[in-house]
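Worksheet: the structure to be examined is printed underneath.
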Amino acid sequence: MSNQKLHNDVYSDILAFVEYERGVTHPISVYRSTSDLTLVVPRDLLIETLTKLKEEHHFIYLVDIVGTDRFVEGDRFEILYNLIDLKQGRRLVVKTLANEDTPIVPSASAIWTNASWHEREIFDMYGVHFTEHPDLRRVYLPEDFEYYPLRKEFPLLGIPGSIDLPTSTPDQEASS
Amino acid sequence: MMELEQKSASPTFFKKHQESFYKSLEDKHTTLEFEDSDDPLNSRMVLNMGPSHPATHGVLRLLLQLNGETIEKAKLDLGYLHRGVEKIAENKTYQEFMPYTDRMDYLSPYSNNVALCLAVEKLADVEVPERAQYIRMIGAELARISAHLLWLGTMVMDSGAISFFIWTFREREKIYDIMDQLAGHRFTVSHARIGGVANDITDDAMALIKEFVQTFPKELKGFHSMLDRNRIFVDRNVDVGVVSTEKAIDLGATGPILRGSGYAYDIRRFEPYLKYDEMDFEIPTRLEGDNLARYYVRMEEMHESIRILRQCLDRLPKGPIRANDAKQAYPSKDEVYYSMEGMIHDFMMTDTGICPPEGAEVYHAVEAPKGELGYFIQSDGTGHPWRLKVNAPSFRNLQVLEHSLEGASISDTVLIIGSIDPVMGEADK
Amino acid sequence: MGLESALGEGFITTRVDDLVGWARANSTWPMPMGLACCAIEMMAFAGPRYDASRFGSEVMRFSPRQSDLLIVAGWCSYKMSHAVRRIWDQMPDPKWCIAMGACASTGGMHRCYGVVQGIDNFLPVDAYISGCPPRPDALLNALMTIQEKVKTEHSVLLDA
Amino acid sequence: MTPYIVLGVSVALLVSSAAIAVYAERRIAGAIQNRYGPNRVGPLGLFQPVADVIKLILKEDITPSAGYRFLHTIAPIIPVATAIMTVAVIPFGDGLYVSNMNASVLYLLAIASLGVYGITIAGWASNSKYSLLGGLRASAQMISYELPLGMAVASCLLFAGSLNVLDVAASQETWWNIIRNPLGGIIFIISAFAESKRTPFDLVEAEQELVGGFHTEYSSMKFGMFFLAEYMHVVINSMLITTFFFGSYHLPFAALWLPELSEPLKMALDVSVFLAKTSFFVFFFIWVRWTIGRFTFKQVMDLGWSRLLPLSILNFVIIASVLYFLEHALS
């Protein structure tokens, strides 16, 4: 596990930061699944943590935001921020949770501009709302669509009639 | 298409969607300057481009607010190709999902196959034989050249020279031939397998690749000599669609866009996969961040790809092409046909597939022609992914496009779209 | 109708039909509705190796008003279907439609919530092409099928 | 009697040459792009334009419901009419012309500037934004290039000393204008490209930006008229380039070596020389179209106003003063 150790060295400042935060307020837990370090941050600490990561640890490049439906009671949705520190060449995942009744997460688009579209995508797919998002519209599906397709209860083939097909007679409105 | 924008006041379908889309154009800077009193002559025009437009590279839709021919504000509408591959992935085994990756970035399917395989292999801890890794690299670099050739053709065609497109297509046809020999289909190849590749390089394919590596640099030189000093082409591209380094990083640009803006971020160096750490190649970078810079970056990337291909061909080792572990990879066809265990393993692989440990998460990225293509997979211990997220480079680059269009003119728009080079199949998932 | 009786029943109309059919068949200008992967093969179809221009079909008109043949290449999502239908409605008669590839014909491998399971749900299709994606040869074949179809249509006879 | 015969023949020639130019364009494009081009319809695909025209005539004709029907209908007629009107003053040979106006150069310039009305009206009457942008670009471009074109023609008139095209043609018997006035010739060719709206000046229809530009909303033979008018203008502009700068119906330095020929022989020679030169320029137009890219609007305006116009004026002034000086030195 020398590889593991090396990685821990790379992430030493992050681990120190996490230790510090852990002592102060809410717990930030840390785990590592395959190679990238993952921080699990409570929702109310999210923006603060992300800002600190960007400003003090140089994670200036946001690669992706992933939404996940865990399909469990309580905190149903996971939002993962995939960050890159361009200076030291390391990757970090920050994870936060949102529950089903109030799927609301603060928006990171003030920190990284490109968070905007990724958050729109998660809103589109899971119905997770992002507060203070500049333009929270669906990104793929039409605004008239009522469901959130990547939630586990949504059937693969969709719900019949949820999106119209065009009529085969020419447009009524165009001719009038 | 032309009708859409005339009906903007009263959209006939997806009413709510169209209204909110048009409204977002007004809301972008959250001011009330859009009121008519500010524009008594009605000189502002909202132009709808797409979803079916010759220059939007598929089905991208742009809403442009114009002042004369200058764009004041731009909004993008995606999703005209949305089919929900991530939903499909949750209902397929890992190997079954492979053909869908071909149809994500359909200009370079091989890179997508490799990206998925690498992610799953990292998740399930599969060791891939060396020869297979080299074959994957050859395929991925050929795919890069082919994708960049299409970009070159369409971008030059967007600037009006139609014949150039056909000339680059002639070169692409050669790569199609190689893929045909190598994998059995012209371009949606699905050649990679979890744990290796489907079949070994045949002698015919090898001969074709060698010939291509010999002849292509000459063609590339021809393209260079036709464009580098072409006043019309250079004048149209220089200082158009400028993205500064800071802006590119802030907007999450990736691939040639980021490198054209001056940051040498390339996954092949950043987090080397396959055997790229043993390869000798440069990361082309430009500082200007305009269309021309992206042009040079991509042209030089094709040179580097040829260099990598040469090294791969020199070093291609002998050996198996697939992991020899029945729980992790398909057995070879010989085994399937002539041994009982082989057959059972084949059934098992097809039926349940490879099962990574429960709760494992992985993010693995490769440098696809368009940029960083990453797969995030969460496993629940079965043969199907619990969650598979594609981090599509085109999606990220389109966001850069939305921000870099303002201030350009309509004739620049098509070139900027061309130089961003989005693939909608990938951006729309 | 002296001429008509001299030349035999329906002689002139069939001759005119032949001429019209010949003209229409040999000058079918496609409206490339390139949606997804098949669009790349559609480009190859116009490219040097397959060369659709031999059939007089290389004039790709991107304006639906000037085209005769809608080639729907690639899967068609519900959101896109309205645009496709609108383009079809904008095309002047007579017009034909090719569903290129498995996705356009039946939904193909994309059996999921976003994709219309076959464009014939909202468009009249004249020729289907199998394959995912079909080779350009198959598209040439479909074009020739359409040409055959056009040549045997009886537009003038029906009017009379 | 001759003018009527010339008129009939030349109009028929113009219309059919447009069709031939369509065919030629598709074949030459094929050759440039390593393809065959149309080769199935008739021998060598020669009937391709015929099939196109029959098909276009029989297509459904659409006027956008919000368009202006009357203007939408007459717009395609204008460019065709102006193209046909131009042949009235072009000499096809010694004494082979339709009419002998004494200010025919002015007539030519006037007719040339009329053509743009068709395009602008078409763009406006379609009630489509793409068409409108195309129409506006057309009018701006035509106005900008009319001036250098006029100045280039004026520099030719200095040699002929007359406003009559016939005199301009006749004055080139020994020295072609392209040799006496190369800069003017280049300016004229560039402006002629711009006037005929061909690549690299085809931003009026700019397929990649404006879909079809002014004719986006045109279908059927109305579109066919625009299509034919484009090729007619190519042919006409080739004729004008030939007439003004490439010695019209004269062989190079004809006065110095060509012996006196009988009337019919001379006529046949003149016409074939003229047609050969015209065909070369038609080929040149097509060649350029399929080889190079398109300017942006800014570049076109820049080239027109800040390069070509001052250059053409300068050229005119220099030639005028040299001629004046030579005349005074001689006298």
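We call the chains A, B, C and D, going by the order they appear; numbering starts again at 1 in every chain.
One rule holds in what follows: contacts are C-beta pairs under 8 Å (C-beta built on N, C-alpha and C of every residue); 3 or more make two chains touch, one makes a residue touch a chain.
As the structure is a computational prediction, the values presented were derived from the model and not from experiment.
Asks: Name the chain whose C-alpha centroid is most distant from the C-alpha centroid of chain B.
Replies: D
Asks: So which chain ends up closest to the centre of the protein, judged by Cα positions averaged per chain?
Replies: Smallest centre-to-centre distance to the global C-alpha mean: chain B.
Asks: So which has more C-beta pairs touching, A-C or C-D?
Replies: Of C-D and A-C, it is C-D that has more C-beta pairs in contact.
Asks: When the C-alpha atoms of chain A and chain D are each averaged to a single point, how far apart are the two points in Å?
Replies: 61
Asks: Just give me the whole-number Å value for how far the CA centre of chain C lies from that of chain D.
Replies: 35
Asks: Any idea how many Å lie between the Cα centroids of chain B and chain D?
Replies: Roughly 44 Å separates the two chain centres.
Asks: Quick check on chain B: which residues sit in contact with 2+ other chains?
Replies: 1-3, 13-14, 53-54, 79, 82, 84, 87-88, 166, 170, 428
Asks: Multi-chain contacts only, two chains or more: what residues does chain A have there?
Replies: Only 140-142, 149, 154, 156, 164, 166, 171, 174 qualify.
Asks: When you check chain D against every other chain, which residues touch at least two of them?
Replies: 29, 33-35, 207, 211, 216-217
Asks: Report the complete set of touching chain pairs.
Replies: Taking the chains two at a time, the touching pairs are A-B, A-C, B-C, B-D, C-D.
Asks: Okay, in this complex, where on chain C does chain B touch?
Replies: Result: residues 33-37, 39-41, 43-44, 47-49, 62-64, 74-75, 77, 79-80, 82-84, 86-87, 90, 109-110, 112-115, 132-133, 135 of chain C touch chain B.
Asks: Please output the residues of chain B touching chain C within their complex, sorted ascending.
Replies: Interface residues on the chain B side: 1-4, 13-14, 51-54, 58-59, 79-85, 87-88, 99-100, 102-103, 106-107, 150, 165-166, 169-170, 172-173, 176, 186-188, 424-425, 428.
Asks: Along chain A, where are the residues that touch chain B in the complex?
Replies: Touching chain B from chain A are residues 33-36, 38, 60-64, 66-69, 80, 82, 86, 89, 91, 93, 112-114, 116-117, 121, 125, 134-135, 137-144, 149-150, 154, 156, 164, 166, 171, 173-174.
Asks: Which chain B residues qualify as touching chain A in the complex?
Replies: 3, 7, 10, 12-17, 19-21, 24, 27-28, 30, 78-79, 82, 84, 86-88, 91, 122-123, 249-252, 263, 265, 270-271, 359-363, 365, 372, 374, 376, 378, 386-387, 389, 391, 395-396, 398-399, 403, 428-429
Asks: Can you list the residues on chain C that touch chain A in the complex?
Replies: Spelled out, the residues of chain C in touch with chain A are 78-79, 81-82, 84-86, 89, 111-114, 116, 121-123.
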